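A, B, C, D and E are the chain letters, set down in written order, and residue numbers restart from 1 in every chain.
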């Protein structure tokens, strides 16, 4: 469903952070991307989501070229993205943040999904009227995830969704991700909590220095001693 | 023609000095100061009054102009310590208006809107008008050079580094162990001193000052000069001042060449052209002519 | 001698003086054209260079520098704001360029100008004394003086207090206001509370327009008295007649049947002549005639010749065409201008001016008297 | 041994939210103490109050027995306590190197006269700080990006710089707020061993973290917070065995 | 002050003065709320609106009720043009750079008007009504009506921003334009809406100023300081804040005669501003950022 071919891109003068990425994600599949800090994982997701103009190479969703489209068009094409940083609207209330998550959805659906999310995350319900800037680090992370769940995307891009979550919350989050995936959504997820991520994903991708270093079945990668030593911390 | 060019270079030097002063406060420390003309005015009045009423020697008057403005700058920094960005802008704007209104209304001290005339200039009257012009050109640009060297050193020192940090995130600078208020006060004081000195030099060149001379128009010119040159870079302040002076004066000659328009329309075209050039400059060089660069490299 | 003779004008074309400057410049240009068609000064054509002083001393000084150093003008004319005039005055005398001005501040001619300043505007003390005397004669007892902050607000007040108390009346209130504002309601309330029979509006066009409107709204029905420059005929375009009816203005004026004034009026066509344009008309005429009269058409020559062409027993002339002809013929002339007889005392102040008083009626001015 | 940091009855509310509700805790010198607790327990708020960035409503913070409640942040830093921010707050337009140098203490060049005259003392100090900064950067895998503006860092690199800056200040007591969230596991293991060696050199560290392996390998004791109060304290094994902690925090699954 | 009525009168005068500043201040804050930069070109937009309305009213004889919407549309369109041509490419360089460019834009617009219309003062074709008097206190029906216009516009905009989908999107773009884009909002479209409304309100307000006084190329420039002050005191980006701030500045200025002298009008207003900011550095109704 998602195909990335020879993708080269970056920021301004540093325009070769990604040095030729090839990957393919079939429909309904989940892949976890792992790799050292600064490898280009977030850059890859940003490129797919339309935040960066690729310098070379192509990105296609169901055969349709996405390269060069603005983020909103990519969102409309069915890709939801949760960025690693700056992933909430600080001065909007929690409720409004969720509503913004469903900006492209019909009104009735939005109201319904907000209630569903409040039921799933009581913390959000409790703070629904508070400005998002007052949330703690972990609470923000949950809100960001909640915003992505306001739509029913074909492909979900997650950049370190579990960062800053307590073990319990992280576990809940991974359960949720697995559930969303089970409902048929394709997921591309960057995680430093690599063992957890590889445990629920089907495919694994190791990104090093702007290149795909290894790909394969998630379980196989997680078991590979070389990969463990270099990227998974033991 | 030469006399005119020299005179305009004197003005450009005075503007450059003001832009340098503003750059310390705004460019480095990030405190928006739209009241710079107030500090310029304070310096001008202090020096003019001391030299004409108390007959202080000129250099002492200039120094006093700088000191008075610096004191006001320190006070301002203390008062507005909690304010940021645009909130600071309105307070400083207001400050300049207050200075102008006090100068207009407190006639016993400032001679009101009549202004103060007969302010002495070095060797003025002893040498030819052009001789005086040249002497003043030397004095003003020497002042610019000294200010530039000192301020560039400040800017590239650890002191400048802390100011830049404060400009972007006060909390972090505080957690880094820097007394934020004390840094702000020093930056404002230094910048205001330069502005005050510029004002004093201005007064003794024109021989006359009046409250209307310290209207917001001058602030606009200097702010435009600094932005055109590049906020944060000391060289930018000087280049920007020269650029603005070139625009102000160059447009005179261009607008003179347009046929078929009335004088008011010419004046409108000229001012419009100045504004448009600045907009275009920013449009194509948003960081100004000399963008701020960092000097501290890992491998020198 | 084929080089043209250059004069410089420095009127406010933008900024607070913007409503006045353009007409002032036009008046000067008209005179220069007339002189050129009359053959110029000793065969030399005249060029009028001008710069906008932006109603700001800083810009004024830069403009004056350009006129003096680049255009090499032999005379400067048409400075309006007192601060601009005072700022450019030192440049003028240092460079031996006479300066003709309409600024009213008393202090201007007190500068050490070595004869370089000629002021066609009666100084503010004289104007306000004359105006006060007239009001007293018309029976004003309780006057309110409201003045824009300017170099003569304070001295006007001193004169008025002195005049009115000497005549048994009083100045029942005095306000200096900031002119660059859009609302003066509380000021008007203060006037209403003082119950004056006369309000003297000592400001400029934009603020006087607002004050008149506000006085009308508040229901003030006493006399309103102001300078003609603050309420020139153009004011009828920005205020309805109900508001302006009864407004009295005064201005220094030539004899009623002054041909100079009428000619200027005709050349202005639809727009009306305000006192400042009349004065600048005379600036240009004086400079041209003086240049023709002087041995050498330089700044110093002009400075020294001005008094010889505008006072004395020469043939009365009211325009440059006739004047140039007579001077070329070696005759003495006495120029009488559109703003008055143009006679200067030793400080450069205008002397012996008459004043005219008009009242607004149905969207135009009717002259009350000339005194 | 007397605690280096002691907190008594610290309370802070935001509007209707009680973020801290009478927090008591003590950190013994020479330890790496962990502060853990569910999201929203008040850990970061506690750091804000301790470091002087916000004022507590009531309660006391003592450093070496000295009451530092309500001090300005720079004074607290001067007294030897430095904290990092949970959501990395690099000075965006300074380079990584400059960000690190900024935290260097005792730079005489921060005075106006010295900045202009550039005495040898200033240059020497600058050189020393620069060497330190490079060493710190090397430890944190930041050498390659030293000349990058802080805004041009990856998420994880920002967090690493956050740790690096705090280290530059050479504090006696270091407060780290989720230092390794978003940091690659291999690197976070290295960071753990670096912190351990700093402890051995005499530094005291208080860490908020959610990574259990990191805490288990490094921290003793572990203080658990919930709802603005201290819930319990003990070795990692002790608190991990506490059913209340498991229920509120661990969610039953522990990687250790 | 001899009488309580005098005090009431001063307050009332302040409200009248403030209501003239209100719409431009709201326009200013409307643009600030989304784009986060102070747009000083609001002065130019006000002048454009005043002149557009004047042309319609005095030249073509339109009634004021029709000329006012035209003033809104004309200045809104000019604001949009200025934004797209000049400011948008600068946004990346930071709010202050845009602010400076907007000062230049004001000078440019002032001179465009001057080129076309000269410096003459002009008035609308409108009778001037006498004040109503209540127990010695005077109110002018026209000024009251202007206050009414301003309040209605403020309320409408407040409701729009606070409760509609568009309003939410506007605030979201203000907070985090990139994230808004990711969620499907076109930040540029939202910015255009805000700029159009803000510029339009400024023009509408400019015309009200013209109705109350008279117009010339400096009409907007004369009030820009007070407008900016009103926006800041009320809290940057806050619509009701701008309305409240305008009242504070208006009353502050009218108090000049009571506190100091009328010549110190700006000073009293400034002191009021300083006082407010001392206690609320983010303005009366401003949120923290």
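Descriptive notes on the structure:
Keep in mind that, in the parts below, a contact is a pair of C-beta atoms (placed from the backbone, for glycine too) under 8 Å apart; a residue touches a chain by one contact, two chains touch by 3 or more.
Please read these numbers as outputs of a predicted model, since none were measured by experiment.
Within the contact network of the assembly, the step distance from subunit C to subunit D comes to 2.
The chains that touch subunit A as well as subunit E do not exist here; no chain meets both.
Put simply, the chain farthest from subunit B by mean CA position is A.
Rounded to a whole number, the gap between the C-alpha centres of subunit C and subunit E is 36 angstrom. Between subunit D and subunit E, the centres computed from C-alpha atoms are 47 Å apart. Averaging Cα coordinates per chain places subunit B and subunit D 43 Å apart. Centre-to-centre separation of subunit B and subunit E, using mean CA positions: 29 Å.
Counting only residues that touch two or more partner chains, subunit D has none. Among the residues of subunit B, those touching two or more other chains are numbered 101, 104-105, 262, 264, 267-268, 271.
Among the residues of subunit E, those touching two or more other chains are numbered 111, 114, 118-119, 261, 263-264, 266.
Two chains count as a pair here when they touch; such pairs are A-D, A-E, B-C, B-D, B-E, C-E.
On the subunit B side of its complex with subunit D, the touching residues are 150, 153-154, 157-162, 164-165, 168-169, 171-180, 186, 190, 292, 294, 296-298. Those residues of subunit E whose C-beta lies close enough to touch subunit C in the complex are 2, 6, 9-10, 13, 16-17, 20, 111, 114, 118-123, 126-131, 133, 138, 140, 209, 212-214, 216-218, 222-223, 250, 253-258, 261-266.
Subunit C makes touch with subunit B in their complex at residues 13-14, 18, 21-22, 25-26, 50-52, 54-59, 61-63, 65-66, 68-70, 81-83, 86-87, 89-91, 94-95, 105, 107, 111-112, 149-151, 153-154, 176, 178. By the touch rule above, subunit A contacts subunit E in their complex via residues 49, 51, 70-72, 75-76, 81, 83, 86-92, 96, 99-101, 103-104, 131, 147. Remark: subunit A residues 11, 14, 35-39, 41-43, 84-85, 123, 130, 134-139, 141-142, 159-160, 163-172, 192, 194-195, 229-234 touch subunit D in the complex.
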